[in-house]
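Look for subunit A in each of the two complexes below; its partner is subunit B in the first and subunit C in the second.
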Partner chain A sequence: MLDLSSRFSRFVFGAVAIAIGLFLFFPIYWLTISAFKPDAELYRIVPTLYPHDPVLTHFATAFGRGNLMQQLKNSLLVSCSAAALNTLLAVYAGYSFAKFRYRGRRLVMVFLLSAQVFPFGLLLISLYPVITDLGLIDSLPGLTVSYIVFALPVSTYMFYSYFSQVPSEIIEAARADGAGELRIFHTIVLPVSIPAVVTVFLYGFMWSWNDLLYAMTLIISEGKRTVGPGMLLAYLNEVNSDWGGAMAASLVASAPIICTFAFLQRWFIQGVTAGSVK
Partner chain B sequence: MTTRVDAGLSPQLSPQPSPLARKGGLKAHERRIGRLFLLPALAAFTLVILYPFLRAIGYAFTRSNLQTPEPVYIGIANFVSILGSPEILGAFVTTAIYVVFATSGTVILGLGWALILNQPFAGRSALRALTLIPWVLPSTVTAFIWGWIFNSRFGVLNAVLVSAGIIPFPTAWLSTTSGAMAAIVMTKIWFSIPLFMSFFLAGLQSLDKEQIDAARVDGANNFALLRDHILPHLRPVLLVVVVLGVIGNLQQFDTIFALTGGGPVSATSVLSIQVYRLAFDQWDIGMASALGLLWVATILPAAYFYLRHLLKGA
Partner chain C sequence: MVAVSLSNVSKSFGKTEVLKTINLDVEDGEFVVFVGPSGCGKSTLLRIICGLEEVTGGTVAMAGEVVNDVSPADRGIAMVFQNYALYPHMTVAENMGYALRLAGVDQADIRARVNAAAQVLRLDALLGRKPRELSGGQRQRVAIGRAIVRDPRLFLFDEPLSNLDAALRVDMRAEIAALKERLGSTMIYVTHDQIEAMTLADKIVVMNAGHIEQTGSPLDLYRKPANRFVAGFLGSPRMNFIPAIINATGQPETGRGCIFPVRADAVKGTSVTVGIRAEHTTLCPPAQTGALSGQVRMIEHLGSDVFVHLNVDDVPEAVILRVSGEEKIGIGETLGFVPDPPSLHVFNAEGLRIGIELGARASVGGQA
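And then the complex of A and B:
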């Protein structure tokens, strides 16, 4: 779109591109190479630009110390169940908003969407006694249920805007043929909505996997900790921080989410920006 | 229950009614089913969002802390204490600084990056995909990355700045008031650029090519094109992005907590950190809830615009 035929415009374009590119990608590069540097190379006033003597010792300590494996397992369990639960709740609500007309519909929509503006920190204060009353404090199911807070409003909206684009004629035709509403939804609408389902699942997964606040507050026992607070406690709570271990553990903790996104990012971006950009 | 409602209308079970009656019945049935589909989400919403929020409103008007575990109604006393506490009021200023710098920084860099990734070049789609990485990383990882970069003794930032002669000796960034603020703002900008860029890119892709070509023929240079065509076209997107950015930045907690813990002293204690400290360090639920409500009040103006935008045509 920009005209880069003149030398000056090419120079400005290139300089800005390199500056923003460095800002975005250098930290990731630095994380990656730091995980492979031996301590002697890591703790130098003038750092080396790449590991001259790459080692895997930090990965060994990362898996050896703390309970990284256990924490990854807990995170995976919580994030998958939270994402599934969130998708299940949002898919029906989004369909209801998009394809049905009933009194109170708009009001409930406003209600549900406005939840996004309640700070998670404020909700946590009184969610804490609620989860305690349910007997779910310090339990993975309790954390799973709490994660509905993060993703449900936006997920419902994502489904709403997706289903709004599904032509009503298909549904009307199926109704005329005498198909029940549940059957229409499950056999006609849902199969053409796989991209939206995948997007919303990922969205819920991402929030749960990346969260720190709820995970560190609602989980107390060491064995039930998820990877976010687990890493924080393991690496930055000491006098001498183990940065090599922290970087190695970070790579391990980021791998699942990056791999998933590598395959599904295009769908995901469409889903998240849908409806917000006309 | 759903199957029963469903069966009542399936043709093999019901006798053939007149088309008119069937139509009226269908409408009522449709409304019922619509509400039924909504029910699970509404129940979950009530349990984990609405009820806790209402309960927080209740707590805000009580004394409820370690000395007084059973909440006692004290009217607006918590709000009065907040107004009388310079430390808590300072959190509003800190939050404002954080939100203004983080939002404007992300808008500028996100727009710049979108313009760059909108140009055709080899490897563009790969670069677009890679750009998302900072956004999807766990908060703890993000905090580790930037904590290591800003590290006072072995951080790469100090190494670069000292060797370039910009600063004479290494600085303990996270231990100074402005350094810690700069660090949390930079961290937030870093992982928010991908989302903002995606919004801008979607906006740029809906730009009318012929309009651009016509402007080119009229002799418009890049700057004029940007000012007269591209930016006006992006105005609605810009509004959404700014509103979303403000809401998100007002609520940001994880990376700040992991990077500075609100410190040094309270230099980076934004509202989210302050509320957390009141609630889960001091267990003063009454004060935490009261401050939390004021926090919600700061979000409301942005939220109003956001909701109005989302519900357009609903």
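And then the complex of A and C:
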């Protein structure tokens, strides 16, 4: 039986958790209901808490106007490529840092992580001429590379943290069993690191999908736009502010990431907590 | 089976020297136990033999061949790790057969060898399970099974029972002893548990601070420890150490005038330490000639035996006596005891064993 102070503590913790949940969920709720509200209801001085007269016209606008499908396709291509390549590079780098001892290892790690100290926008200033010189400006591969540059240090560190907690004995046992280093990594370490792989993949994917600044700066052509800048420029520009259309397009644009997260969240959560109990 | 020879093996991690000039021969088919306190270098030495660590100096030879540059897999050894080190995503059968698969053994043969090892270790019913579905004892048996199926020349055990509870440890110790009889392979076993060392070993290697203190059979080490460290490390409870000085007749004498009935190979006035094991004492009246005495401060009842902890004057640590479980003893009581002369040990100021001669008479003494 819980005593009074314990019950009070539980109540307070529960209330705080619910408040945070509501606070975080509210924008999603507002986005969703706004997408279904007709313009008249959308622009009322006193907003309604749910669509009194739900309509699908904004969705028709979203799919009819601009290049939403093309932008979704571009976003998916860039996000999946960036997430996959970032995971591929980070997984080897993180393993190397965590499980091998060699001269300069710590220094390289410090260099790698120091990139994170600089603001996101500042890195773009130095990245822009590089991307231009490489002939990758206004190209999806250029955008992909820029996302990898930014996500790689944290991703490497995430893998480093995870692999540091993989018991060295199972690696040594595999060595004694006759496995080479690559085989050990691929057949022993990687299969037990699925949560970390999923976590890093999701990190890279969400990072790329949600970006606006890099995509707006490095992509110029309409046909190569990703969904973020595409929506912004189509619905909320100097001459136009179609909130209903923007909300409907945002809802559609959010679908892939929600689906990806829902599909992978079981491993994602495990990945986040895996190190705490091992 | 294989003989292992270590010559002048040393190992440093940066500036820290963890092993200092180790020389050791392990005979073909011998069960050797490395024992010592935490940090003494015993696990590092085992890992060097396995090939998981490189030596800083010296050579490791197997069957007369230097293997310093031979990979772990090519040394023909199998190692059982302290925390089992099972591959968590593989079933018991896959864990046991992994090394064979890497070696290119065909599936039917792998299955046969895994089944045979599983039968020996009573793992038949568990072959399809993952490690997380097993108890600690079962996991340890899988780890041993993984070693057995490879039919190695040499088994290495790194504190394999330290993660098990006391009852299971006794069972597994018996299983390892049976395994040793059945396989007859050369085995090197690391532990800090001296009971494991005493019960399993053909030969014990006592290590301390990166060097070997003494090597020998369990009973040799128990009966004739080369120095105070070995004397104190082997035996449970630990050996009692009583400070004394060699008197004119060559006998150790305590500050309170209690004279031990042996002659030590040392000159008059030499400070020595007399070692007496708890089981080599007999209770007597405190005032008896040659008796040591002290006040009871703690009593440990183990059923058949009782360990009595005494505060004895001039002795820094409590003196522990083993007495019959039938004895009625109370805290605060003054007890007298005499040591069993043939079982006395005398160590010089450097802690090294000094030869003793029996036949001297215990003299009238006060309290120690």
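One rule holds in what follows: the second predicted complex is superposed on the first by the 237 of 278 C-alpha atoms of A that agree within 3 Å, B and C clash if a C-alpha of one lies under 4 Å from a C-alpha of the other, contacts with A are read in each partner's own complex, and residues count from 1 in each chain.
We adopt the following convention: a residue touches a chain if its C-beta (ideal position, glycine included) is under 8 Å from a C-beta of that chain, and two chains touch if they have at least 3 such contacts.
Predicted, not measured: the structure shown is a model, and the values here were computed from it.
Using the contact criterion defined above for the overlaid structures, shared-chain residue A:Trp243 touches subunit B, although it does not reach subunit C. With both structures placed on the common chain, the touch criterion links A:Pro191 to subunit C but leaves subunit B unconnected. Look at A:Arg44: by the touch rule set out above, it reaches subunit B but stays clear of subunit C. Shared-chain residue A:Gly178: touches subunit B and subunit C both. Contacts of A:Phe11 after superposition on the shared chain: neither subunit B nor subunit C is touched.
Of the two partner chains placed around the shared chain by superposition, subunit B is the only one that A:Tyr102 touches, whereas subunit C remains out of contact.
Of the two partner chains placed by the overlay, only subunit B lies in contact with A:Ile257; subunit C stays clear of it.
Of the two partner chains, neither subunit B nor subunit C is touched by A:Tyr29.
Touched residues of subunit A, counted separately for subunit B and subunit C, are more numerous for B.
Touching of subunit A by both subunit B and subunit C, each in its own complex, is seen for residues 175, 178, 183. The part of subunit A that touches subunit C in the complex is made up of residues 167, 169-170, 172-179, 183, 188, 191-192. Looking at the complex, you find that subunit C touches subunit A at residues 47, 50-52, 71-74, 77-79, 81-89, 98-99, 102-103, 146, 150.
Per the touch definition, subunit B reaches subunit A in the complex via residues 2-3, 6-7, 9-11, 26, 29-31, 33-35, 37-38, 40-42, 44-45, 47-53, 55-56, 59, 109, 112-113, 115-116, 118-119, 129-134, 136-141, 143-149, 151, 153-154, 156, 159, 163, 170, 190, 193, 195, 198-199, 202-204, 206-207, 212, 216, 221-222, 225, 230, 236-237, 240, 244, 247, 250-251, 253-254, 257-258, 271-272, 275-276, 279-280, 285, 288-289, 292-293, 295-296, 299-300, 302-303, 306-307, 309-311, 314. Within the complex, the subunit A residues that touch subunit B are 1-4, 9, 13, 16-17, 20, 23-25, 27-28, 30-31, 34, 42-47, 88-90, 92-93, 95-97, 99-103, 105-106, 108-127, 129-130, 145-146, 148-149, 152-153, 156-157, 160, 175, 178, 180-183, 185, 206, 209-213, 217, 227-229, 231-232, 235-236, 243, 246-247, 250, 253-254, 257-258, 261-262, 265-266, 269, 272-273, 275-278.
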